[in-house]
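Both complexes below contain chain A, partnered by chain B and then by chain C.
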Partner chain A sequence: MHIPDGFLSTPVTLGTIGVSVTALTYSFKKVNQTIKPEQIPLMGLLASFVFMIQLFSFPIGVGTSVHLTGALLLSILLGPRAGFIIMAVSLLALSLLFQHGGIFSLGANLLNMGLVGCFVGYGFYRLIPGERWSLIIAGVGSGIISAILCALELAASNMLEMSVALKTMMLIYGVTGLIEGTITLLILDFLRKIKPELLDQLS
Partner chain B sequence: MNHAFIDRYARLKSPIHNLKSSQKLLSAFSMLALLLLGLPLLNFGNALFGILLYGFWLLMIAIISRIPLTFLFSRSALVLPFSALIVIVNFYSGNFEFDQMIVTLFKSFFSVFTLLLLTSTTAFNDILKQLSQWGMPRLLITILAFMYRYFFLLLDEIEALERAVQMRHSSVTGWKRIKVYSNIIGVLLIHSFERAENVYQAMQMRGFSGDLS
Partner chain C sequence: MVILILLMFLATDLSAHGVTYTELQGGYGIQVSYESGDPLEFSDIKVFQPGESEYEFQLGMTDQNGVFMFKPDTIGIWTLKVSDGLGHGKVIQVMVDGSRPSSVETPSTTRFQKIISGIGYILFIFSVWYFIVRRRQS
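Coming up: the complex of A and B.
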């Protein structure tokens, strides 16, 4: 869920912006040292790609639809720091061009989806052996942490009671996380089948 | 192919469009900051007065800028279901007073409206140019510019893929649908990688070494 502007109180807005900007600066310093010029158009195209998959939600039946964040996939392909930068770029563009999430709440959205999705998700993926389970656990685990963060932000801004917020967010992010993990797994399988040299050349 | 929708009113002529992009960006962000962080400054003792004053000010700018009001209102209204949900939940639990409900509803509506006014009066490239003059890191600007450029091409591609899916797999549901969906994303991903390589080679021939300016 992209939190719109106007939902978060001043301390929550400033705090989340602080955390996100710090993480972004850190990722930036690291990526800037190692990036090769041919990766710059690639990062732009992948930002476009993430932007696209976030716009197109797809129905899973029973009147509900979800969309991927792409954070887990990007972190596996390019590493969590580059993935986080791409997430930041596409969330900024989604907010400016499609009013999908606010500008002042960008800090919170980047924290919930980008930071947790890229770093926590990638951490789970690397730490747990066996690709199938590690991806599912990475999806669901980062989904649950995002849900707790999102509920805390809304509750601290006096918008929802903690218990209500937590239940709703757990439901939204839990399902999204499960699907994120599953689809990331399917996409990696697909890439291995169709274009295995792509994954070799990245790792 | 009809893809001018992102900032389609950015090339109109009006007193607002003629302002410098730095002026438009600064005023949009300070207005948002006032609405989101400093609304009590506008209140003069009544919570509703502040938000109405802000709305009146927005409407004046919208009229001067000659952007169709129906566009501005219908796009801004997309955020209303979210705020309505929050207001309804709090109405039943009795947490919000009347003023607070109205303010919550209008705050998110008006902030989307303000952002829309910015992007409908300033082309995306001009926003990027201004942000880079203000010191936003080059790498971020370059990625944003690439993203904006290739968004339309990817959009065409996903439309073609969706049409193909409708033709062949329209009746597929459940797990199979998830598989079809992830294959589409996989194809899109492979094409993005290939295109990035071609673009890089073409740009390298013309002297690109990692920096657009």
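Coming up: the complex of A and C.
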């Protein structure tokens, strides 16, 4: 879902940059007021982790490859605002070094993966009772909403046919979200077993 | 006589529907793959002539191996937009100067070097933030 430069029209590029920069400014102001200094190195480590997992895509058997975003895990460990900041730094590094998403399309990528992944995913997680189901639904729900946004942006830029792409994208990113939710659940279970106090420190 | 002339014109029209072909040599080919090495199979490609960004010169699709070929008809930098229809893709620029076309992009660093650099930049950004917050709180 890392949209490269040259795919989006100017209005879509400017609109998505506007939304993402506004959300990033708001998140940074809020987090910067309340953050403890010892949490920042952990944010750096998690940003490096997210940077790494987004680099490795895996085939899902229908002639395409997908990757995890890590946004759901970040928002549960640190809250959606801090998670969104981490996603912004990681996506910037991916864009500058790997052209994994463009510089000008960073706004769209941050909106699709960061804003939806962190805030919508966290919303599902908090609203739905029962951790296991809430994580699965959060992963699938945020994946599908990201797919809808991505399809809208590309269709508005005349890069694909909305009617053709939407179903495929929703299916592929729904499945990816299912994997993301499951892996997030496994990581949280693992952290609870080996270092439960870490979760309390982070939250 | 008039009927004969009309029939001749009709025959010309009919023969105009025939299709012939000429075999071509050369052209420019690309193979597109994900970083995992899997090909972008049956992915849409739009080809734009130099200086053109709105109207495509050619619309095409990669084959099952992620391969696509086209034949440029003018010199300059051509643009190819490859999309797998899921938001992943690549904009490729090809220099055509009368000799063999070549990609404008030349990778200079390895994937491992880029990963190390990326982690370095990320940790640097958070280190700067850490020291600012520490100074503010002390």
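We adopt the following convention: the second predicted complex is superposed on the first by the 193 of 203 C-alpha atoms of A that agree within 3 Å, B and C clash if a C-alpha of one lies under 4 Å from a C-alpha of the other, contacts with A are read in each partner's own complex, and residues count from 1 in each chain.
Here is the rule we go by: contacts are C-beta pairs under 8 Å (C-beta built on N, C-alpha and C of every residue); 3 or more make two chains touch, one makes a residue touch a chain.
Please read these numbers as outputs of a predicted model, since none were measured by experiment.
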item	value
Clash or fit (per the criteria above) of chain B with chain C on chain A	clash
First (chain B), second (chain C), both or neither touched by A:172	second
Which superposed partner A:4 touches (first chain B, second chain C, both, neither)	both
Partner chain(s) touched by A:94 [first = chain B, second = chain C, both, neither]	second
Touched partner set for A:198, first chain B, second chain C, both or neither	first
Touched partner set for A:150, first chain B, second chain C, both or neither	second
Partner chain(s) touched by A:112 [first = chain B, second = chain C, both, neither]	second
Chain B versus chain C as contact partner of A:51, first or second or both or neither	both
Contacts of A:160 with chain B and chain C, given as first, second, both or neither	both
Touch count on chain A, higher of chain B and chain C	B
Clash with chain B, by chain C stretch, listed 8-16, 62-70 or 80-88	80-88
Common ground on chain A, meaning residues reached by chain C in one complex and by chain B in the other	4-7, 32, 35, 37, 40-41, 43-44, 47-48, 51-52, 56, 58-59, 89-90, 93, 96-99, 159-160, 164
Chain A-facing residues of chain B, complex	6-7, 29, 32-33, 35-37, 75-76, 78-79, 82-83, 86, 89-90, 93, 95, 104, 107-112, 115-116, 118-119, 124, 127, 137, 139-140, 142-151, 154-155, 158, 173-174, 177-179, 181-183, 185-186, 188-190, 192-193, 195-197, 199-200, 203-204, 208-210
Touching residues (chain side chain A, partner chain C) in the complex	1-7, 32, 35, 37, 40-41, 43-44, 47-48, 51-52, 55-59, 63-66, 89-90, 93-94, 96-99, 112, 150, 154, 159-160, 164-165, 168-169, 172-173
Chain A contact footprint on chain C (complex, rising order)	34-36, 38, 41-42, 44, 79, 81, 83-91, 114-115, 117-119, 121-123, 125-127, 129-130, 133-134, 137
Residues of chain A that touch chain B when the two form their complex	4-7, 10, 13, 28, 31-32, 35, 37-38, 40-49, 51-53, 56, 58-61, 68, 73, 85-86, 88-90, 92-93, 95-99, 102-104, 158-161, 164, 179, 182-183, 186-187, 190-191, 194-195, 198
